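Two complexes, one shared chain (chain A), two partners (chain B, chain C).
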Partner chain A sequence: MSNAIIPLLLDSLASAALIFFAAVGLTLVFSVLRVLNVAHGSLYSIGGYVAASACLFIASRQLNPYLSFAALLFSAVFVAAIFGPLIERSLVRWTYGKSEAVQILITFGLFLILEDLQRLVFGVQSLYEDAPMRLLGTSSIGGVVYLNYQILLVGMAVLVVVGLRLLINHTRLGRLITAVVTDREMAQSIGIDTNRIFILAFSLGVFLAALGGALSTPTSGIAPGLGADTMVLAFAVAAIGGLGQIEGAAVASLIVGLARVLAIYLAPSLDAVAPYAAMLVVLLIRPYGLFGSVTARRI
Partner chain B sequence: MAFKNISLAFARCLSSLQPRFRFNWELPHANLRVVVDGLAGALVIGVVAATPVAAQDKPSSVGLGVFTFTSGPAAAYGMPGKNAADLMIDEINAKGGIGGVPVTATFVDEAQGAQGVIAEYRRLAGDAKNQVMVAALSSATCLALAPIAEQLEVPTVGWNCDTHQLLMDGKSKYVFRPNGNTVPEFIAYAIYLLDRKPDVKTVAIINPDYAFGHDAAKIFTAALKALKPDIEIVAELYPKLGSPNYQTEISRLTTARPDVVFSNLWGADLENFVRQATPRGLFTSSQVVLALGETVLQRVPLPDGVIVGVLGDGWWMSPDAKANPETVKFAEAYKSRFGEYPVFPSIKMANALIYVKAAYEAAMQKNGGKWPTRAELAAAMKGSKVATLTGITQTRADNDGLVDQIVGVTVKTSAQPFPVIGDMVRYKGDSLMPQAGQDPLAWISTLKPEFAKSLPKPGSYKIGER
Partner chain C sequence: MLRLDKVSVSIEGVRVLRKVSCEIIARKTTVLIGRNGAGKTTTLRAIMGLIAHDEGSIHLDADDLGSRPAYTRARSGIGYAPEDRRLIPELSVEENIRLPALALNLAKPEIVCRLDEIYTLLPELHVMRSRPAGGVSGGQGKMVALGRALMVARKVLLLDEPFQGLAPALALDYARTLGELRKHRPELALLITESSPALLDRVADRTLQIERGEILVPSTKDDKAHVHEV
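So, the complex of A and B:
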């Protein structure tokens, strides 16, 4: 087993990167809008479908295969630009301040609609295009061959954490978001256009979900049903990290990634339950998650 | 006919009353449900039992309920089955249908889960037009539908249904499997592997986490241990069915450094696994055995030397298939209609429909040309021997099928742009099956190396040598 320590750690990081992309958008939207978006998984898979379709188009036209990397990014931007404002203005805004049950019911309805929409537009078969994965080649680390694309994903995840932190702490938009999160009424009273902040924050969440889906397709393809699986895992990560905590999502992704990888290496039959066992342990010790805290209810 | 309609309407009324009782009258729900379901079930059985009398007249069409996966990751395996059903039904109808009656199919998507599939089965079975069900692909679906088929007395032909557990009790009257099952299918791989790589010492397994994956691992391991007791299983992984990502599993398999990696992943799972494992060198560091590898030959660039097979004899390029003009015609028609050649699930489906047609013809021949009842159809299937597109399927007294098993390795040829199966062997179906009623694992444990030596060798199945 000693020869497996380096692969185990690397696999944990690679697995955590994918899990983080699935969860960070969910947690960001909750932190700003206080809405648990159950349709988040569908937006993840729509990002995957759009990216796979774009990469397949590039391959079919025999364009420069390196354009696939740009296609992954622009697919996420495209999905966010279309679905972010549309969903926020038409559905999500009606749930602000409503009970969690109403929010979950409405976004669950949206989830069902988006799942069927995907079947209608992209069909029911799996889509594959692995050009970005193939182009980057492989590296042998600790006696195991890894895809350089896996390592790129780890780097991308770190970049997203740092980027979000910089955005929130060191930009005007970030300060506006912080003001709205802290006290919506007060923010409105000093002239902040909270509707605009909500649209931007929700669209940023959609972008992160779609980016996660887009980045995962070169290695795993995309098929119907991915949205539901992603949503459940993303929720577990968000709960472990503390709902609304971006750094918490990053640490929780590492914990879940390590739990899954340890299960596969040491007790494969526990693979499926490992993320939820980790969630259970964390919530028993810290009911509001690792980075979460009790907030007083405002009357 | 009027009685049937009234009965069905009454059964539906009874079922619709159930929520009223529950919400308004506050009667004990569990007890009431038993009563209502019992009454409704009894009426449906009554309808079904009354149906054969009316069915003596030739119907306007022969309805088939065809169960397969048409959505989700499993559709990569299920859709070729559906495509083949569409094509074969068209071919049957072009030749005048069955006994002059055209065939129609109602497709049911198994991806909806067992509860939905059972409801669809009951709905279709309630219609006398649907005399036969071609069900199903998934072992789990087949196990769920088998008792209902017996209850409703509807002949049900498992077009895939690999699990050996399906007909183990030997009491089935209406469920038939004109295929092999997990026992001969995975013993065949163990024998072929040991013939091709006799010095194998360590094996790792990665199978889907449900009955098919676990059964296959048990049978393959038991056969290897019986034939070469010093073999060690160094890793057993069972990822969830439908997993999109196998990167950690691939790392785990690599660190175990096995001589052989065995897998019965299928559908999109198999495609994902191959796409992810190939660049990471798994196919060069270990001998890989992909039990359902033939299904991805035309889609994924598999390297040479991977042991693959067709879980039966359904290889459209086998010497027997090539020698049969009907098979060549079917394969070309399939290619021109769907853009790729039929994979073995397509052949299994086509063979299942040939089996159904043969049963109708045998039943009509037996009763003087009259349209057969469901019971007569089932009787015609029992003990039958039917020539299919790729060989012979024989139905034993326990309704289980005997078909040959073809195994080989991937090779490149100039004839096709994708790898094909070379160095083939064709094991006789009955040589790898325990007797009816015998415990399969107990039987496998009695196998000796001499048993494997008595069987044909890799490369022995060639054109002109059958």
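So, the complex of A and C:
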């Protein structure tokens, strides 16, 4: 058992990183817009499809394989620039201030549309191109061979936590976002165009989801149904961390990642249940999540 | 300067303002007096665009404010200090005061200049500038909210019940500050709401009375309009 601990921990870290990208976008959008976007998982899978298609294109044309790293990042930017403003302006903005039931119904409708749209555009077969993973090779940690690409994933997740915290605490945009999160009306009164902040925050959330989807393709490929799976996992993570909590999402991702990997090692049939069992335990003890409370800072 | 013309506002189907017409004049302090629920706060919120009006128009000079989103009020130079302060508790006092400058994307020298002016007027804010806004008392919070509104107010300053809940000593301080403000920024049009006329006797140039959503005494251009007994 003890020699299984190291690969176990490293596996759970990489799996936590991917869940984190999806969950942090969800939690960010929720804290600024106060809308739980049920279609968030679809944007993760769209990011995956676009990235996998781009990497397959690069491979088929025998272009410089290192371009596929740029393709992963650029796919996320592309998806965010197209879908972020479009979805926020056309659908999400009509749900501001409405009841949660309306918000969930509308974004669920969007989820159904996006899922079918993906089948229409990318087909129902799975896409897989592992060039980025192969290029980075492997390392041996404590005698266990490990994919460098997975270490890169963990590094990217850490970068996102630090980057978001810097953005929110130390930039003009971050200050304006904090003001909107704390008090929308006051934010307007002091001259903040809240609609602009909503578009930016929503697009940033889409970017993070699409980035997660894009980064997941070199190791696990992409197939229909990923959007729904991701959504449910991301929601579990956001709930464990406390909705709206960035660091909470990071810690909760680790918990869920660890729970899943432990289940796979110890009782593979419980893999799908493990994240929700973790959520159940946490919410029974802390109903607002690990970092959430009625009065805690909101972003 | 700021003109309301037959402005009516409903909240959830109930008429709260009925054809309110009044004018807030540059270089004058206008006091809007009325009981709780008379429509004082709603009048200010309608001016700020935080609540839609069913009919009537609101103009700042020649600009029709009614057709513009709420955030443009600050750009037009209307500063607003709500009754319940509404500061960002986790930011410091100074960060709260600077927030409108960030929102309006003011140039650095302009921000420094406005901040200096605010600290000259309200020296107590300078003393507590690095404390978190969540940790100041209610009365001090009102001063911070006034400072933040002054960062924006180039033409009009709206103060919603500034004396509500202030300790007598602080209320006196606040009234003195308003007097100083008159001297420092003579061009400002001030609109202050209050439920008791006595508190603003010395500050008011003009008094308007609001009752059940209607303005009783039409605005007079006299420097010293008489204060009606409530």
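Everything below uses one rule, namely that the second predicted complex is superposed on the first by the 294 of 299 C-alpha atoms of A that agree within 3 Å, B and C clash if a C-alpha of one lies under 4 Å from a C-alpha of the other, contacts with A are read in each partner's own complex, and residues count from 1 in each chain.
The criterion applied here is as follows: a contact is a pair of C-beta atoms (placed from the backbone, for glycine too) under 8 Å apart; a residue touches a chain by one contact, two chains touch by 3 or more.
All figures in this text were calculated on a predicted structure; none of them were measured in a lab.
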Touched partner set for A:T182, first chain B, second chain C, both or neither: second
Which superposed partner A:R134 touches (first chain B, second chain C, both, neither): first
Partner chain in contact with A:I192 - chain B first, chain C second, else both or neither: second
Contacts of A:L18 with chain B and chain C, given as first, second, both or neither: first
Greater chain A contact set [chain C / chain B]: B
Which of chain B and chain C A:R172 touches, first, second, both or neither: second
Chain A positions touched by chain B in one structure and by chain C in the second: none
Touching residues (chain side chain A, partner chain B) in the complex: 3-4, 7-8, 10-11, 14-15, 18, 119, 124-126, 128, 130, 133-134, 137-138, 143-147, 150, 216, 219-226, 229, 260-261, 264-265, 268-269, 271-272
In the complex, chain B residues that touch chain A: 70-73, 75-76, 79, 209, 235-240, 242, 244-245, 247-249, 251-252, 254-255, 268, 271-272, 275-276, 279-281
Contacting residues of chain A [partner chain C, same complex]: 172, 175-176, 178-179, 182-183, 185-195, 297
Chain C - residues contacting chain A, complex: 48-50, 69-75, 80, 82, 86, 88-91, 95, 99-100, 102-105, 148, 151-152
